[in-house]
Amino acid sequence: MKSNGRIWFPAGVLVSLGLGWFGFPAMLYRAEPQPVAFSHKAHTGQKGGMKCEDCHALREDGSFSGIPGIEKCAGCHASAIGSTAAEKRLVDEYVSQNREIPWLVYARQPENVWFSHAAHIKLGKLTCEQCHGEHGKTDTLRPYEEDRISGYSRDVRGNPGGKKMKTCEDCHGRCGVGQQGCLDCHK
Amino acid sequence: MFPGIDGFEWTPGHLIFLGIFYTVVAVVFLTLALAAVRAWRSYRANRAEAIRWQADFHDLPARDRACRHALTGEMRERVCELGFDCRRCETHARLLEERPPAQAPAADTEAGGVRLPLDRLYHRGHTWVRPEKDGTVTVGLDELASRLMGTPDRVRLPKAGRRISVNGTGWRMWKHGSDVRVLSPVDGEVAATGGPEAGWYLKVKPAEGRLDARHLLRPDEAAPWMRRELERVQWTLGHSLADGGVMVQNLSEAVPAEAWDAVCAGVFLQV
Amino acid sequence: MKVGRRDLFKFAAGSVAGLAITPVPWKLLEDTALWSQNWSWIPRPPRGEIGTKFTACTLCPAGCAVRARCVGGQPVALAGVAEHPATRGVLCALGLAGHHLPYHPLRVRQALRGGRPVGLDTAAAEIAAALVEMRRSGSKNLVAVLDERPGRTASWLYRRWLADMPQGRYVTPPEREGATLAALAELIEGDAGPLGLDLERVRTILSFGAPVLDGWSTPGRVLRRRERFQIVQVETRYSRTAALADQWVPIRPGTEAAFALALAHVLIEERLYDEAAARRAGDFAAYRKVAGEFPPERVAGLSGVAAEQVIQTARLVAGRRPAIAVGGGDPGGGPLGREEEMAIGGLNLLLGGLERDGGIVRRRAVPAPKELEAGAAPVTEIQDLPNGSVGLLFIDASAAVDALPWRLVEQKLASGKALVVSLAAYRAGYAGHADYLIPAPMYLESLQDVPAPADAAEASFSLSTALVAPPQGVVEPVEFVGRVTGNAGTLSDWIKRRAAAVYRTGRGTVTTYTTGKVEPLAEVGSAEKFWNALTEGACWQDERVGGRAAPGVALLGRHGDGAARLRRAAAGRLDAGEAPAGQYPLVLAPFGWRGATGNTALSPVMSKVYQESGLRRAGNQAAVHPATGAACGLTDGCRGVIETQCGSCGVAVFFDPAVMPGVIQVAVGPEPPRTRSVLEVCDLEGGCSWRAARARIWKV
Amino acid sequence: MTMDTKRKRPARYGMVIDVDRCTGCGACMIACAVENNVPPAQPEATDRTGITWVRVYQIHNGASFPENRTAFVPVMCQQCGHQTPCVSVCPQQAVDVDRETGIVGQMPQRCLGCRYCMAACPYHARYFNWWDPVWPKGMERTLNPAVAPRMRGVVEKCNFCQGRLHAARERAAAAGRAEPKPGEYVPACVEACPTAAITFGDLADENSAAAEQARGGNTFRLLQKLGTEPKVYYRSSRPWVHQVAQQDFGRRKKEEIRG
Amino acid sequence: MDRALISRGVRRCSPRQFLLWLVPWAALAAFGAYSAGLCLVRGLNQTNMDNRFAFGLWIFLDLTVIALGAGAFFTGFLLYILKRHELKAVINSAVVIGFVCYSGAVVVLMVDVGQPLRAWFTFWHPNVHSMLTEVTFCITCYLTVLAIEYLPILLKNRKIRQVPSFLVFEFELHKVMYVLAGVGTFLSFFHQGSLGGLYGVLRGRPFAFREGFAIWPSTFFLFILSAAAAGPAFILLTTWLVSKISRKRLVKLEVMAELGRISGVLLIVYVLAKAVDTLVWINETAPATGFAAHQFYAWRPFGTWILFAEIVVFGLAPALVLLDEKKRQRTGWLVGAAVLVCSGIGLNRFVLTIQTLALPTLPFDAFLSYTPSWQEVGTFLAVIAYGVLVYSLSFRYLPLFPQERELAEVPRVSGD
């Protein structure tokens, strides 16, 4: 008993480390698949030939349209293109019923954030890829992951590479815009 | 607070403020770490017993720490600062040199009804040490302590071969639901154990082969000390234990339950 | 391996130590903080495309044009439309939060009978059966529709249908803002036609208690031109208007007629009146005699206004013409009284205000479809109905604005088995008194027409288009009444027909809100295009009536009893009452804000002005002068009971040194639940005025 | 980033309120509540616990009937330009003065609800969310998406309708301009005031109507002596209004003392 | 079991009696916990605070309690740094009182803020110009220090110190205690000051606003002084109280007298400083912000009597008593003066928190009053109950008063 008395403390440390670094993150995030299998690649590639702005556009007043509504999808997918199950589901469950697809937006900012695409595109001259990466070339949509406690998307505040407030600040600092007034970006 | 956090700016205010803050935090945790490291070292060096005595001794009321020479009247009101370890005491050495101990009295002395046999030396923790012919020493409780403990409910004696040191724990006894650590009067290795029934508790092989007895009370010194001890016990109790000038026999029963701990603490020098 | 207690402690200590170097505590710390910023029970505003829609406010007769900021079609903020020629971008506090009203917690979503849900069809069938039974039994009881907002297409429909019923009566609340003009019309010989106020050019407004700066008339017409005219406010209460008036003349309650006659006296004595107008008055001498009985010195005693101030007021008004005198009463305090309005009308004539720029002008009525105009039932003000005569009363409360004490309505009901059907959007106002409560659509939920308000200088027409869908089970009041009385009709069709009738006039201009463009109606192209323009945000405005031939007038009215009535009223309304002054030493004077007098629901955010600031006194809050309060044993902020001859009600008492001593000003307004409104203890005085009553108050 | 997209010079937004025009109708308070998603009052709320980013105070000349006179003074965050009392006290930088607009911003998401800023503000322009915001069922559909509703336990206040500034900036950005033109950005209370009693604009712009009026005579600012340089000016031609608005409180009469 | 936890050589009441003593306090603490729970779960609408009275009973409590808890740092400072060894008799008790006061204050602060989950933002995004930041940092650091100081006392428990590793750690920790005492003194010094500065910097509250030195308003220094004066007085008072309640002699009268003397010396300095500060405020600071000082006292019941009471009744009077050596030898005088000092500190904190907020600033403001709700009072009482509980348990099971055993062993001499 005396001899193995020493292992208990390190054992506790090890168990904690394991649970903390591996078990906890797995538990913290709830993954939810996107409602429809969507391939950006199929739309933007050779076959589709579309540009980002064709679907995600700035409106006249500068506001960002976000993900297009079902009528945009219906423009091409009024009837199934191809015979995949996903395509059939899109047509049957959404297009033909004229129901909006409940997309889960990875970059959806929390309620208190004000983000203007117009300012970044028109004034900042940023391209889509500078922030969103090669999202337009992906073939599948990964599941949306939500922090169970905070309700944030993992992309917004969770992943090591996620866009935190720091990301915004750094860029603004580099570019010399928005001299750190909180309400520049918060509402 | 940390450079790199949202909204952080280096300003003189930050530098001063955070500088002070981190200094404070660092000092606090370094101090804590220092204490922890030292504690670890002491623990590893088996200094726990020594430390315990040191701490206990300093927590004793000044009155309980009276120098042996003050008890005998050789000096006035002297308080021991060395944990009753006269071996290290310069004053003791000096006094010993100045006034070598007189010839031992012829017969066993007695103080307040407590017998103090001549063949042994006494420790301030109410143990005696009797050198044996085989070079070992026998350690037992003196009469006051024996009567106080009566027949202990439980005794835990060290195993043979275990090292004990002066003022460290000699053995432990339980009585009336509370425990008593009996201070070891000698440095050495436990050779054999006895018990209350044998009238002695430990047989110890003294360290370095011989008994250094400078810190132990000679029987002639023991008498005033014992009278003083009886007095202390009585103060603690708030009433007399004397029965016609002689201490009651069944002391262990005469002590009321609520005073038991206090009396044991007083007798066995612990907190 | 034996596991001891200490081992478990060590394990636990190790776990804690280990946990500190994992993300767990730190992420939890962060996430709980983020959670506190994203509590699921905090509503999230809808996201969607932001757009603008136009409509018109129907919460009061002013009919201000409204620009609605919509998110995904849902209005989230309302504002005025600066391009609108009359309302000029003004929207009052009520209107600014009008888009909240469809979601009010008091909303009725189901027909109720005696407070319990009943199917709409059942309710209709039962009411129709009752009507049939009335007819069959040969009852003399009347079938009446109390229309709280006359002049709408729906009103015309009611009138048309009621005309077909022998016992049908079309009833309106007592005339309020139009009362002065109505009284003036009585003084003009021949058919005066609709009159209006040329507020655009007026230089002085002599107001007898009219809340000129507080929601009166069309606020845009008044407030955006405030610098161009001065206001002399003759009012007991130090109202908002009195506070910002150029002159405030505090008078004792109920002495307006005397004060008006005193002014007339001074005008005549000092020859400040308009001689031409006097020449047109056939009874100038008689009038002069009546006015002569009220010299400033006498009136000073009656009204508490010093004689010099009377004289000075008269000079001031006469010296800065064009001037108009207006009455109309208070939204909560009730009409001023017909005699007072007659006296005020007389003043207008003396000041030469009739048929001149900046005075009282003639205008045309907003045309209605011929089918409705021909044979429409006459308009009866409710106080003119015989008491105990109504057997079946429909109350179209969907457009309630001003206070109308329930007792006044109740008096008219036949004793016993009168059936009251309230068509309302909320369980507020009379809803509790009605046998049937029929859920009506609310503002922004249905298409309504907005005809010109009573005092407009020219006819106008615009639409209040529906911006949100009404809840299930809601029925257009007029359509429900039609269904019960056996008249089919869809309101929106009739509104469209009325628009066509307007188009047929070919007169006036159309203003498009988005562009601010003003074009003649004739150039619009077609009735359909006109309609489309109206629905997308435009209004039609008639041209001013030209050819001002000044008509003959009678300063004391055409009925011959004017002089006697004036004398009686001028002697003081309060003294005419029966309540002994000794028992009731104080005067209760109710007041309120337009549209907020408790007959309908207000947006919950109106709590900002009532509950969350002291800006407006809420219902049954009484203000007294500290001296009066002390004399009555009251303390500031205490609860009190007001008693009049008609009953008593509980109030919250506040001391206000601005209140005339001896007067208790009580707000009529959004009341705390289960409190008897102060309106119900007011003295109705023959049904046309309840603005002052003898009362006493004590602390509870 | 090219230079033309940067703002040229910092603005100093402010307003001039004509007290003589204010009728105390409350339209500003309602428009403000609607614009900024300020919830309706809880049943227990009072004038001391309610939230009104702009509050119209009624001031009196102190006289009794009939010499009494009243004026209405809308008080919102005065956007102090110097030693802004609330900014320096906030322990966690939930309050800041935007260098480009001069607007004092309150970040409810950063706020921990210590209320120190409320104690610091002499204008009582800051409001605490004593309750969770509750709108009647269905009414949450009418919330303005430009402004995030606050949760209970945080402080909020007027920020000159930051949501409108955002929208104006976005429109400007869509047109390739870094800043909205004068008049494109106007707070809700200014727009709603039926008597146009409030003039809003950039005080740093000499030519703006607001700057012109602020420079003109008859203006005063509340608690000017504190030296906080508020950016909300008041004007009145009535001498007693100046007197009362700038008097010290010690002269108030005893009956006005509550409690 | 219970007896095995009680230090040897001292006597404690029976477990039953102790339990009877604990039960009401525990009930009060439970009630307070419920009250505080209501405030946390339902929000601060449970209190009677409002937008004008943004601070109420709790802040008053925090400020007072922290001032009274200053005994811990000041005694530590005197003992470990200035080597006043006689104070060893009360240092343990002082540490426990300090710990109780500070932890209680922090707990109440957590209830008092609207969003306790975000309290750590202050560490993450501190505004270094805010006095509250300074307070937060210092209080958390100092609470940590106090916890570390409390640790050896805890480890000295008879049962716990039987574990050799704990025993050794306690011993080693005790040896470095002077470092912690020094750090604690530094921290305490600053945040007592910052608590004063909290109000002193409020430019918008001319009643509280003070000019100062460097970044600190004069109240910064006044608070340090007054807390340092009140701390020893409070220890004196609690020691006397505990002694009365437990019917034990715990410290020698010399120690009490010494505490009184320290308090007296500091108090007289404080009273002088306060008087000078008040004069400067009346003649310079207040007029500069547009207010005449007398106006602040025009509102009943907050008249100038408060100023008089603060400076003379609760300041000068006890200071003179405590500085008189003869009176210091009489327990009655000592305790009476200590009560005055502690009440005075409460009054001073009350004036700064409550009166400051009650006074109008805008010319058309009203003077407001405020009555705490039962939830606030409950939470307030819980802190007191918590303090009593922790102290009672510590007193029973930990060696708080090293002299107790000695005094218990001395035969009682009449007249002692």
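Per-chain numbering from 1; labels A, B, C, D and E assigned in written order.
Heads up, the rule we're going with is that a contact is a pair of C-beta atoms (placed from the backbone, for glycine too) under 8 Å apart; a residue touches a chain by one contact, two chains touch by 3 or more.
Fair warning: this is a prediction, and the values are worked out from it, not measured in the lab.
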Problem set entry | Minimum number of chain-to-chain touching steps separating chain A from chain D | 1
For this session: Please state whether D-E or B-E has more C-beta contact pairs across its interface.
Result: D-E
Problem set entry | Chain whose Cα mean lies nearest the overall Cα mean | D
Exercise. With chain centres defined as C-alpha means, what is the inter-centre distance between chain A and chain C in Å?
Worked result: 52
For this session: Could you please state the distance in Å, as a whole number, between where the Cα atoms of chain A are centred and where those of chain B are centred?
Result: 72
Problem set entry | Inter-chain centre distance, chain B versus chain C - centres from mean C-alpha coordinates, in Å | 97
For this session: At least two other chains touched by the same residue of chain A: list those residues.
Result: 61, 63, 111-112, 180
Exercise. Which residue numbers or ranges of chain E touch two or more of the other chains?
Worked result: 115, 118, 121, 124-126, 129, 133
Exercise. Which chain C residues reach two or more other chains?
Worked result: 32, 35-37, 44-45, 47, 50
Exercise. Which part of chain D faces chain A closely enough to touch in the complex?
Worked result: 1-2, 5-6, 93-94, 96-101, 103, 105, 107-110, 146-149, 159, 162-163, 166-167, 169-176, 178
Exercise. Quick one: in the complex, what on chain D touches chain E?
Worked result: 42, 44, 46, 48-50, 57-60, 73, 75, 83, 85, 88-94, 110-116, 118-124, 126-132, 151-155, 222-228, 244-250, 252, 256-259
Exercise. Where on chain C does chain E make contact in their complex?
Worked result: 29, 32-33, 35-36
Exercise. In the complex of these two chains, what residues of chain E are touching chain D?
Worked result: 43-45, 49-55, 112-116, 118-119, 121-122, 124-127, 129-133, 136, 198-199, 201-206, 288-292, 294-296, 298-300, 356-357, 359-370
Problem set entry | In the complex, chain E residues that touch chain B | 3-4, 6-11, 123-126, 128-129, 133-134, 137, 141, 144-145, 148, 158, 161, 164-165, 167-173, 175-176, 179-180, 183, 186-187, 399, 402-403, 405-406, 408-411
